[in-house]
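Chains: A, B and C, in written order; residue numbering restarts at 1 for each.
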């Protein structure tokens, strides 16, 4: 049993990690807790449906699946398309709302606004797609047995592999590309970055794009391995925040580690507490961390 | 005509009930600068305690106390206050964003408990049969509601006057000082942490009162009455009405509730029955839009005072 | 061509600026620096020295006045453009990215250049300042105060600026590190840059500068060759107030009459 929970923990941790990367960066660079970030996961998952349908008009979706997975190249196309579209959504929200408010008001106003936007985004999904869960495909998969008596689906293996790829890619981006280095500079000291010649406004757009893309991919992976439903993002708010706070705002590896810890603790906890209380585990984690470190693990006093 | 009056009474009962919670939130945010993102949780505590204290005996569920209405209200307020006290001790020294996350988590946890701790809360089915004292006063539903409206209006008035008095008292001036500059306030003697806790507890007690009055009116309670949307509604009422302003809190409550009800009406009339549930999303979308637009264009709300403006508006 | 007849690289006039538009700190200030010249701004606390240099650098809003760089109007340009226009700024605090390596700090200095060119210029910096080259993959946080200042200046040099602005570059440095930094500044001037510094350590700064500007309460009080200012009793008055200055002048007179002969 333990191995199964452990495996589930790693997989759910990967989803949280991908979503938390964007949250962590925006928390550090834009300096507010964005309660609407989780809805980018929801929208990422649902937008992929549109791209999938588009691809489906060119090819037979079931026939194009790549065994043993439940999907084929159309899904990869949908993922990329969704990342792009969700990035556009995030940048739009930034221009229309967050940037304007950041100029004229304090952090908490931004948090309020993010509440409002989260509400809007979630119910727009409800309006357009309805209450019921949606699945990308009805393909059956055969579970793979792994040592310890656990079983995982091929799609879940893909999830893990893709997450690792994304993290490696981001690491290279942050350390090898000048834009990535500039982003780290902005995270540490935006004014110095400006003085140095970095166009901070541009970097902020990049932050949104990366965060939204990570969120979109996470949402699609969730939809692929669990299901798409309007409360997808909402159910992940606390895990995402827990991961970002655990790992320290602004840290790529922190977000990944945080995500894994959240996923593992959630799934392993059902061995000791009733599984209906599972959603409370990330919250308890948050309380514990913040009790010992009121500014977060690597936080700085304002 | 009677139908309209009857509807208006019904509307005002709920609007003013929410208004009490908004007053509580105003104390916490408008006067003390505490970001409570878990309002629905404290309202739920008040509602459930009211149901448990005043309700009849129930099979397999805690109950049967059948205490009087007023005791129920008091008990609800105390319970909410106690919960706030415990939670406040754990979380109030967190800075704003983290306080928001923590209080949000608390509401989610309270909701989980309401769903699962069946012995106390009746689980997903909730608790029914909560007695309404006004039934004894009249046979006409309209008159009953009018009496209840009187009760709620009195409660709201008392809360309003009490808060106005409190914020002008030395304790209230201390609150304002803490919001402006905590270190300077601490040097004046009284501990800011203690004052903040007191404000948090008092605000949550009002939220508990709101829950109790709501449950007393509706007659039953279930977890779906306290979804996060309630927190959004109350925050929107506060922001629309203007924070640090008690009158604004009540006006905001009435206005936003009006929009909510009005849009619900619109949806039920215009939207075809098969997609009613989806149409219901329109209400939330409207509330979300109002919140965001108010923040963008009228951050001071309608009857505003000062708003928590950052000195470093730089990005 | 003497320095006085050269056209100034930096020419700022009538500057009214402050952190809030309704509360200006500077009330019509002017400064000018020519190529190869080291000019220092001195003055008592609250005079607006830092505000002036930050205003020129585009970090503080200018509500009136103009800033010309080699005749080109750069007033109110966004701060991140200044590096590309040929003006580099070394702020007083937070002037290196502590969490980035030396190499990364320098790379960011060249963000306005093409990738290849930027890397080439970083190599040039390593040739000029071997210490930075040796530690290139170390995080800037591991550097000493003096080394950080050198990194901060080196970062600015990547863009080969015509104008270098420094805000209290020797603040917090040991006397030896401060002297080294001043040495570095003179070398940069000798290479042709126009240098404008704000310094709290007025005496030491004036000793190594060509020109001085004395600011008080947001206005110019005295300007001229640094050597003149060093000898001028009025400078002391501006810093210390009437009584203090008179005491100082008396002490100085007593010392002068008893010593063999001062340098300046």
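Following the convention adopted for this analysis, a contact is a pair of C-beta atoms (placed from the backbone, for glycine too) under 8 Å apart; a residue touches a chain by one contact, two chains touch by 3 or more.
Treat the numbers as computed from the prediction; the structure is a model and nothing was measured.
Farthest from chain B in terms of Cα centroid separation is C. When every chain is represented by the mean of its C-alpha atoms, the one lying closest to the mean of all protein C-alpha atoms is A.
The distance from the centre of chain A to the centre of chain B, each centre being the mean of the chain's C-alpha atoms, comes to 31 Å. Measuring from the averaged C-alpha position of chain B to that of chain C gives a distance of 57 Å. Per-chain Cα centroids separate chain A from chain C by 45 Å. Taken residue by residue, chain A touches two or more other chains at 191, 200, whereas all remaining positions touch fewer. Against chain B, in their complex, chain A makes its touches with residues 27, 30, 32-33, 35, 97, 99-109, 111-113, 115-120, 122-124, 126-127, 130-131, 190-191, 200, 204, 234, 237-238, 241, 245, 274, 276-277, 279-280, 282-283, 286-287, 290-291, 294-296, 302.
Across the complex, chain A is touched by residues 35, 37, 90-91, 93-98, 100-102, 104-106, 108-109, 112, 115-116, 228-229, 232, 235-236, 239, 275, 277-279, 281-282, 284-285, 287-289, 291-292, 295-296, 299, 307-310, 313-315 of chain B. Listed in rising order, the residues of chain C touching chain A in the complex are 57, 59, 78-84, 89, 91, 94-100, 104, 107-109, 111-112, 115, 118, 155, 159. Chain contact summary for the complex, chain A toward chain C: residues 178, 181-182, 184-185, 188-189, 191-200.
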